[in-house]
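The two complexes that follow have chain A in common; it is paired with chain B in the first and with chain C in the second.
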Partner chain A sequence: MANALEFESPITKRYPSGGSRDLALSDESSQTKTLVRAADDSAAASQLGVAFGGSRHQAGVHIIGQRPTEWLLVGDESAAAAMVVGLDRTGHVSVIDHTHARALLRLTGERSADVLSKICNVDFGDHMTPDGSALSASVAKVGCDITRDDASGIRSYRIACDRSFAQYLFDAILDAGREFSLTAVGA
Partner chain B sequence: MLLVPCPNCGPRNASDFAYGGESHVRPNPNQATPEEWRSYLYMEDNPAGWLKETWYCRSGCRRFFTVERNTATNEFREHPIPGTKLGGKA
Partner chain C sequence: MSNSMRLPAQPGEVIDRSRRIDIKWNGKKLSGFDGDTIASALVANEVRVVSRSMKYHRPRGYLTADFWDPNGFVQVGDDPNVRSGHRLIEKGMTVDPQNVWPSLDYDVKAANGLVGRFLTAGFYYKTFIKPQRLWPVYEKVLARFAPGGVVDLDTPHGLYDKRYAHPDVVVAGGGPAGMAAAIAAAEAGSKVMLVEHEHHLGGHLLWGSAEDRALAAELTAAVETAGVEVLLNSTVTGRYEDNWVAIAQRSHPQAIERLVKARAKMLVVAPGLIERPYVFAGNDKPGVMLSGAVRRMVNMYAAKPGSRAVVFTGNGDGDAAASDLERAGIEVARIVDARNGENILAAHGPAKSMDSVELADGTKVEADLLVTAVGWTAPTSLLNMAGDRPSYDANAARFFPNSPIDHVLSTGGIAGDGSHEELIEHAVATGRLAAARAAAIGHRLQAATRRAASVDGEAPAFAADDRPILPRDPHPELFRSTTHGIVDYSEDVGSKDLMAAAAEGYDSVELLKRFTTATMGPSQGKLETVNTVAVLGEARGETIEEVGTTVWRPPYAPITLGALGGRIHEPARVSSIQPWHEANGVTPILAGAWIRPEHYGNPESEVRNTRANVGITDVTPLGKLDLQGPDVPKLLSQLYTNKWMQLPVGSVRYGIMCAEDGVVLDDGVTGRLGDEHYLMTTTSSGAASIWEWAENWLQTEHPDWKVHVTPVTTGLTSINVAGPKSRELVSRLVAHAGDGAIDLDGEAFKYMQVRQGTIAGVPNCIMWRIGFTGELSFELHVPSGHGLHVWEALLEAGKDLGVRAFGLEAQRIMRLEKGHFIVGQDTDGLTKAPSTGMTSLIKLDKEDFAGKAELAWAMDTPLPVVVGIQTVDPLIVPAEASQIVREGTNEILGRITSSRMSPTLRRSVCLGQVAPESAAAGTELTVVLTTGERIKARVMEHHAHFDPEGARLRG
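What follows is the complex of A and B.
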């Protein structure tokens, strides 16, 4: 579509982008986010195929087991819609579009765990939170859902929070990352 | 720092939790006398020793759970922490 609206992040634009990208913070809030709630023994749960605390990628969708009996599906609009349509709704299953309720940031770089360790009390060592781990925790006093999602072997985290906290959280992470030369990257 | 063993999230700083107080069985509101009800609502055992108590995992899984803690030593016992709680990329 020629006139498709480009996503312009309102929370990154005050920062100049560029410089070193060895450690980068970006806004992925334009991704479609769908919350699924279902019992652990439901058909939907086995379809999603990941338990609380883990995550996996399937057909362009990042399936995150972010809480017991609760999953978040992250992907572009068409991939997310396809997965939702294919979801087995047998039993008690609820599906809610959270795209506009939640902001989604991504912190990438070998030193990303050092940045997060300054503002979050979770152990980000490989033994506790290997690639794929999903957990909820307070980050700079904001309740966040964190998923480790390494990209090409580079350590990377997806951090979701309520959207009204997004600017504050973005600023707080950048502030924590200043000593490691963390750079804001435009969407 | 008090490390509270959440059965879902593992040991976390106590600041991640809300304390729910002593765990008592709720009497049947249709049969309890006013004295029993008042005792359930307001009276605590407050022992210096092992106590069964309720915690709410506010920053993590957002679930309530019951665990035994020694109020004198802050030691937790027989807490159900699954060994494979964190998983990984499937």
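What follows is the complex of A and C.
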């Protein structure tokens, strides 16, 4: 039986360990994810400090402007909670725990854009999708929110989708990355 | 067979003689070298006949010996219709002729040729049209004559791939002009994709002189240095709106083929020119070849296409072919120069070869090879697709691009003639222009896209086209001799057929094409279009310009269905409990994208256990929307037909949603979790559409309402706990005191109420008391990261209570026993809300709601009604969709919408829609079974067959 309060990953298959980490796909679904909905001209929006299409990091939380009037805060539980507590709720502001609703995958490696370009019709070139940019698109026919979040100068993407699609999407990305030797890490 | 027609090493050959490759042709072993095409390997092994023509089954040899060769289609293993002029040989390859019986040498279907004069164009249309009832017979016979190879339906699905690309510039064609344009564009800062149809860059330079080959090597090296992405053995198959360019890549290291969908800012069209055949008697005999084919065979593959040649030439390529043949030691018996007014009349010889050429001056020259060089077709397809209508230049005897297109430029032979230097200069200017325009487009795109890197200043102006103009070399118009011959080799259509069709009235080029099928074969008109137009011009006594031409549409070259399908992506959704389902013998069912448990072996047993003890079922796919804001009641009142302004916190209410036409859209319950916080459930299939429906009302009609609608369907794993022991089971897992405690007492937590708390140690769970199965039920909505834990905890805690999982089928049976209708099954696209019998939920005294105006009418109008139905014979279960008819007639009164054998009642139970006059309780109905048998059934007083008072679910 699964243990109470231990987060159950939506990626339930097991993958061979080892292989190159130059291009890796990992599951970050256990990260706390909080959806904030507020008007673009609200105090909350000013606090979050990033507009639709962009993202930034603050106090251990990745603040993603994933849609107009909609932000996703990703981080560990305490950091995310601290940010939510400090959020100015003036006006019509909704805060929804999305930790369980959205799966979060991370694709890292110099060729990660090549992998995505096999299953997503978005220009992932630096001009159109620079580090920090956020967008919504179909990935292997699943509606996803994609955020470019380079790690130590290495190209990296966070891909969020409905939890129920996560296993399918994980496998679809791995399939797309076969020709680039994409490896599943930690799953 | 051994390479008896293989020439000594040629300076420009692309074969690797150190790597011999054995293949099988037509059951016999032969060998070639790495780099050989199937065609060059066959020619080097003295194979002259490789196919039979489509209709008359005439023996055919290579004509163009490249991708476009209409005579070169073969079967390779289980792969039909392979272009042998293009496909490279591989070790162990089995190559066979196709559409021959019993063999390539003795093909019985060649008898068609004996009755050829009765099989002219339009023969099929005229002959097989009557009597219509015989068409199935005709079809079977005609299928035996259909061309093409054999498809093995057991062939495993191969790996086909897809990729999206966003290059600044796509260059279609890797000849000298295409390469020069690509290099220039890349050097000007563009991201360039260069697509070449063949296996090597270089185009016609590859079979040209030493200087030509040196230029090809120089340009190829520069392409690499410039960082151009090169796709070899790939074809730009189409150009669509906004420069959406489709590329079929046949050179992927893992996939059989890959479709590249490129959104190019600029497209440069540089496909070169395609050599045109000449129409004369015997022009399809094995041994008649175009000059380019001969030069490729000799110079690139060191294969000897014949022993004694006649060369009919109207241009420098024909002259060069004659020189190449002589240099390779092949006797050139006669050069017939069209520029001096000389002409050929016919190729003669036995069926499978030629032995002489008849000239216009009456002489006959012995030869087994006739080389023709009569001009070129400009493959303007991609320009056509971009909107251009090329125009004919009689002086140059070919078509040229006509009107400038902002995002599509052409260069190379398609744009004009000239020296290498002139053509390269034009191509470089084209590449630079493409790069400049791509930069301007890119600037605008970046400035208009929020997420893009910021750009400074105004977008650069769209660069003007100041490229040099290429000259057009004069060329004699050489289309048909004074004799008749084949025009479309793929379709076996001759010049006589075309003239006959024109005489019958099919004298517009578009009609002629469709009537005769000329230009509609796998060569896609590349070889035939201009000759077809020229012959029609002859028939009409008009010039080519006056006749006009057909429009080339995508694809530029045929593309496999595999490539179009690409990698198959079929998203599948699963709940967090899926691992348990799989480990416990589930039979899954696909419901939309969801993989759901249909049952675990015996759905009837699952029903009985739930009615007697307690069952749990995974209902995660139920649509769930989080609603927050002070105006949520207004939104609910707008969406549902009943009232919502006074729903107390902690209560749940059922409602029906209608479209503006009063037709039932969805149904479900919504519970109030807090002052301004609600949770709505929809049907599983309605989850997305109801979210959009709600947003539509908020964004278009009531933007002033403060409501946030957020889908949380998969954030909450939903488990229905049903059965007389469900309260006992759930009580063992809820907290009874402190934060998160829930009091399950029937008075404290009544039917249609909602509570929030901790279940099995998991906080923030939502629980409501509703009952789709008709049993005492608790629907748990658990954060999905702990859904499996709660599910397993329920099974563990309820062992002594007899808890078992039940699937969708058991749930459907129980809801039918209880008479709950399902939107989309018991209703359809015409079912208005009053038809469901839920008239008490339609509140016309509300200020407004979706569908109100229509429902006001419908409430007073006799409409079909959803009713409970039982068959008189309790053991007969009419199939769903069985028709209900008026006794003694075929007049349809309704249909059975749901039916099952009830394990609880041990009899058949149904819901159905019937005409209003037949809806009264006790009405006897006639139901037509799928066997045609008619049985009796009765309308019941209630929808519910079981516990109509609802005592169990309120228990």
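Note that the second predicted complex is superposed on the first by the 174 of 187 C-alpha atoms of A that agree within 3 Å, B and C clash if a C-alpha of one lies under 4 Å from a C-alpha of the other, contacts with A are read in each partner's own complex, and residues count from 1 in each chain.
Rule of thumb we're sticking to: a contact is a pair of C-beta atoms (placed from the backbone, for glycine too) under 8 Å apart; a residue touches a chain by one contact, two chains touch by 3 or more.
Keep in mind that this is a model prediction, so the values were computed, not measured.
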Chain B versus chain C as contact partner of A:Ala172, first or second or both or neither: second
Which of chain B and chain C A:Arg89 touches, first, second, both or neither: neither
Contacts of A:Arg14 with chain B and chain C, given as first, second, both or neither: neither
Which of chain B and chain C A:Ser133 touches, first, second, both or neither: both
Chain B versus chain C as contact partner of A:Arg67, first or second or both or neither: first
If touched residues of chain A are counted for chain B and for chain C, the larger one: C
Partner chain in contact with A:Val50 - chain B first, chain C second, else both or neither: first
On chain A, the residue positions that both chain B and chain C contact, one per complex: 51-54, 121-122, 128-130, 133-135
Chain A residues within the chain C interface of the complex: 1-8, 10, 12, 29-30, 35, 37, 51-54, 92, 94, 96-102, 117-123, 125-130, 133-135, 140-142, 162-165, 167-169, 172, 175-176, 178-179
Chain C - residues contacting chain A, complex: 161-166, 191, 252-254, 261, 263, 442, 445-446, 449-453, 567, 569-576, 578-579, 593-594, 620, 626, 628-630, 706, 708, 710-716, 760-762, 764, 783-789, 792-793, 796
Contact footprint of chain B on chain A as seen in their complex: 49-56, 65, 67-68, 121-122, 128-138, 143
Complex contacts: residues of chain B adjacent to chain A: 8-10, 12-13, 15-16, 58-63, 85-90
